[in-house]
Amino acid sequence: MTLPSPLRGIIPPLPTPLLAPDKLDVEGLDRLIGYVLAGGVHGLFLLGSTGEGPSLSPRLRRELIRHACRITRGRVPVLTGITDTSAEESVSLAQFAADAGADAVVVAAPCYFRTTQVELLEHIRRLVPRLTLPVLLYNIPIFTGNAFEIPTVMEAAKLPGVIGFKDSSGDMIAYHRMRLALSGRPGFSLLVGSEELLADAVLLGGHGSVAGGANLDPRLYVDLYEAAMAGKLAEVRLLHDRVLRLATGIYRVGSYGAGFLKGIKCALSLMGICGEALAEPYVPLDGEHREHIRARLEEMGLLGVTVR
Amino acid sequence: MTLPSPLRGIIPPLPTPLLAPDKLDVEGLDRLIGYVLAGGVHGLFLLGSTGEGPSLSPRLRRELIRHACRITRGRVPVLTGITDTSAEESVSLAQFAADAGADAVVVAAPCYFRTTQVELLEHIRRLVPRLTLPVLLYNIPIFTGNAFEIPTVMEAAKLPGVIGFKDSSGDMIAYHRMRLALSGRPGFSLLVGSEELLADAVLLGGHGSVAGGANLDPRLYVDLYEAAMAGKLAEVRLLHDRVLRLATGIYRVGSYGAGFLKGIKCALSLMGICGEALAEPYVPLDGEHREHIRARLEEMGLLGVTVR
Amino acid sequence: MTLPSPLRGIIPPLPTPLLAPDKLDVEGLDRLIGYVLAGGVHGLFLLGSTGEGPSLSPRLRRELIRHACRITRGRVPVLTGITDTSAEESVSLAQFAADAGADAVVVAAPCYFRTTQVELLEHIRRLVPRLTLPVLLYNIPIFTGNAFEIPTVMEAAKLPGVIGFKDSSGDMIAYHRMRLALSGRPGFSLLVGSEELLADAVLLGGHGSVAGGANLDPRLYVDLYEAAMAGKLAEVRLLHDRVLRLATGIYRVGSYGAGFLKGIKCALSLMGICGEALAEPYVPLDGEHREHIRARLEEMGLLGVTVR
Amino acid sequence: MTLPSPLRGIIPPLPTPLLAPDKLDVEGLDRLIGYVLAGGVHGLFLLGSTGEGPSLSPRLRRELIRHACRITRGRVPVLTGITDTSAEESVSLAQFAADAGADAVVVAAPCYFRTTQVELLEHIRRLVPRLTLPVLLYNIPIFTGNAFEIPTVMEAAKLPGVIGFKDSSGDMIAYHRMRLALSGRPGFSLLVGSEELLADAVLLGGHGSVAGGANLDPRLYVDLYEAAMAGKLAEVRLLHDRVLRLATGIYRVGSYGAGFLKGIKCALSLMGICGEALAEPYVPLDGEHREHIRARLEEMGLLGVTVR
């Protein structure tokens, strides 16, 4: 499908439903995609951090892409993360995604090794021409250890095929400065990774969010996006606070390296959408924390949702 | 072969000779292994950080293991890194290494996602039983983002098959404290990753070093190890300073994310051992820095070495 | 004077005009206070980071407080930072400020030593009763090395005399979460330190900003604050972008440890308001960077301002 | 007194005995100095981090210097920290120390504000000529937030009056590299702050240590220093392990921001040397942790020591 220019709206980073650490839950995936599409989301992002992309085996990544593209049937754009320590695997995965009908790939900075900004830009310049799909750059320094700085993004934005930047740094100052720097490129998309910053971003000129919580309550995030686009400030404040409550209630349970991931999978399981298996190095939340999540879902009216 | 208990000595982290970012330089590998074995090293460590292991494609990793095991012919133990963001790929690579005749695998903390110490230990407990070869744990928080803390190592050391710990944190206080904590386990190997700390480690009871510089001047590192083992302090000081000069002269050229890697590959190329191609995200040093490396090698008498 | 409840609006962190590293520029101070008050600011914050408070000698800090209170004559509230590595000096300075007519003190976490959150809260609980003026807490982890986390602020907010929290962490997610957590305390002020986040903060329910740029163009910041309060989104976007341009143009000149401070002092000097001397460990910008600042001021129409 | 060149040996960073957060325990100070001098230490370092220097009021700092110089009576060199966020207070304190008979001052990088290496060097160049006593530079980035890098130290070492460098970074690679870089300046002292690295440092050519544990068992540290100087490796290993046990047992009790400080004060109190009061932001260890310290002291035979 033709991607909107700029790409905008709510694009949930889809968790990968698993029956076991290396076994895809195809039925769960079907329910999950149906649920978020019914909520009005504007695209899907596969194999991001929330999708445990880097943790999945090369085979499972491809299975997921194939099934997700099949299930989605072009109703919204499908973006696919290709993060891997090996650029060869990234390129191969990107080609698979193109063949399977995905609409764009999402390119993070190298993980494992550290790069200077010069090295990062040169790497992107060598990598992008090897990718046949449009490219969304992805800044997630907490996991990759390498941040995209503004001048690097400005240069990378000139490369043919690079259509946008997703910032999951949580640094709203950098986001605002980048938006201003990009103001001469109206077709270039600037998305924010942190849903707690979705309201800020869209009110002040950003294009949307790759919001993990949109997997749990897609309509809430779509409503917030639309209210912000329409400048309905009172409604924005109300919905923004609901987003904050969801994120605080679900992602910050216990003391874990990736609470957001554990919380979302646990919630989806309690909502009857998919199983809560996680790929290594993680395991599902324990019983006590599971009950905490259940209580939060109940408060938010998310337990009784009918999926499809 | 039967591994020594504890594993000890100088075990160079072998760079992966490449003709291109995804093409193994088999002849260079042959020369490199011959060169370091002639220098008396006590083992080889494939696919570590210096070996660009995480950056290589799954196929190339296996090619390297196969050729390195073939070339080494059991003369010294061959250890193989299995670092990958996907535990499934790590397990698969470990099985390949076992089948190819490697002697041990080297297991780092998960890279990409962050783990608490509890999560890290549980992950190791699930992973180790899936590996058929002995396991050396590998602490390199600068690249993985996850550090092994002492209580975690103490627990992991009790797992069958876990034979040692390689610390590349550069934190000598932690190393000393760990050695003391491990004093009841005399067969458990405690290696230091940083060659600048080899003298400290061995003088005060450690077992050796995975020293990158041992690829350039293996005899120097073996001599230093032996002098430290023998308590010849005057000789240790002399050789320690030569190691410092080599490390400073070769690894800290220019401003790069992984100067040690670029410097070693450049030096090996200038010494006629193998090509200087690097896997993504890196490229070889530029001409000016190459000349700097050449001058350092000349000073250290390493340019005229006859390889084999 | 009675402080508004909650304290709100634009409260510039006043630079300390100096004739030399340890010599107050009293005339410059007079012009500076006159200038920002004419711009409509809602208060003054002395001896913050922008005021070089920690760098000034104990004597100079007191001189500044005395003169600033005298010049301000109660037209707006005067807040005084009391940051020092010694709590005794902080308490003494707070008493001086109370006697001189200041309206509140601003209390940062301890600098130099690190505290856990438990230690930080207990320290605040011992410190606050020793202060006679109302207390605004101040989160600036980049300089103190100690961050206030949300539960700590929630507990501290219950102490008699604690009237608000100024967050200069730049972490907008934390700011939003804190605002939500504080929603039951409508008299408690939540200010944002980073002017690049002023629009976000006020649009979504925050109370204002301690904006360094308000020293250079007070009217711009007051206008932005008022537009955000009134929900005039189009105007907010326009003014927000002007703030971003000012901050990027003035604070990020050259490569310095505290570019914002050097940039503001240089700009004030070029605008004829006060000298550009800085206290140790800093010195004024060099000529080239000074010309850069001049060009930015010219673009923004700030060079020709008539001061009073 | 004339300082040895280079300054060497064991120089304990003296805790400041307090009866209350702002009240000096003069008798405790007398006992403490007597105790460490009887143990053979080679100097005293007042107002370091272990001395809570930055936390003490300006008045108390001066009281301590005056009494410590009086009690020491020139038997060993007295070094005085002058760390403060205000360079003016540092200079004033240095002058007081000179007048009181101290032998050197210890100059850390600025705390609170961040400096680039260029700014740090320029600051040191302006500061040193204002100090009348010899200067030992002090690298403690964990507290100041600013590290001395090797080229900066090399330049600062050329300034008249700068006699040495104390590295409390814990980075032994940097220490070794700095020692090598300084090899042309045999009179320049290179001390290590971390006692766990004392053996490494002295065995490989360093000059000694500012070891906190030397306040508890001065003879142990002096013996280790002398054994390392004499190259008695077996003895070094034995004593090094005792130092590690002391440091692990006393400094890592509970979860605190400055466990070393709390542990040492608690131990000194249990040993009957001085009270355990601490300056803000800290308070003494609680009862449970106190019992833990008591048990460790008993194991190490330090409870029954007769002081003087």
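First chain written, first letter: the chains are A, B, C and D, and each begins at residue 1.
Note that in this section a residue touches a chain if its C-beta (ideal position, glycine included) is under 8 Å from a C-beta of that chain, and two chains touch if they have at least 3 such contacts.
Just so it is clear, the model here is predicted, and its values are computed rather than measured.
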Chain A and chain C share contacts with none
Where chain C and chain D are represented by their mean Cα positions, the distance between them in whole Å: 36
Could you give the separation in Å between the centres of chain B and chain C, each centre being the mean of its C-alpha atoms? 50
Can you name every pair of chains that touch? A-B, A-C, B-D, C-D
Provide the residue numbers of chain D that touch chain C in the complex, in ascending order. 21-22, 49, 54-60, 83-89, 92, 110-116, 119-120, 122-123, 126-127, 142-146, 255-258, 261, 279-283
Contact set on chain C toward chain A in their complex: 170-173, 176-177, 180, 194, 196-197, 199-200, 203-205, 231, 233, 236-237, 240-241, 244-245, 248
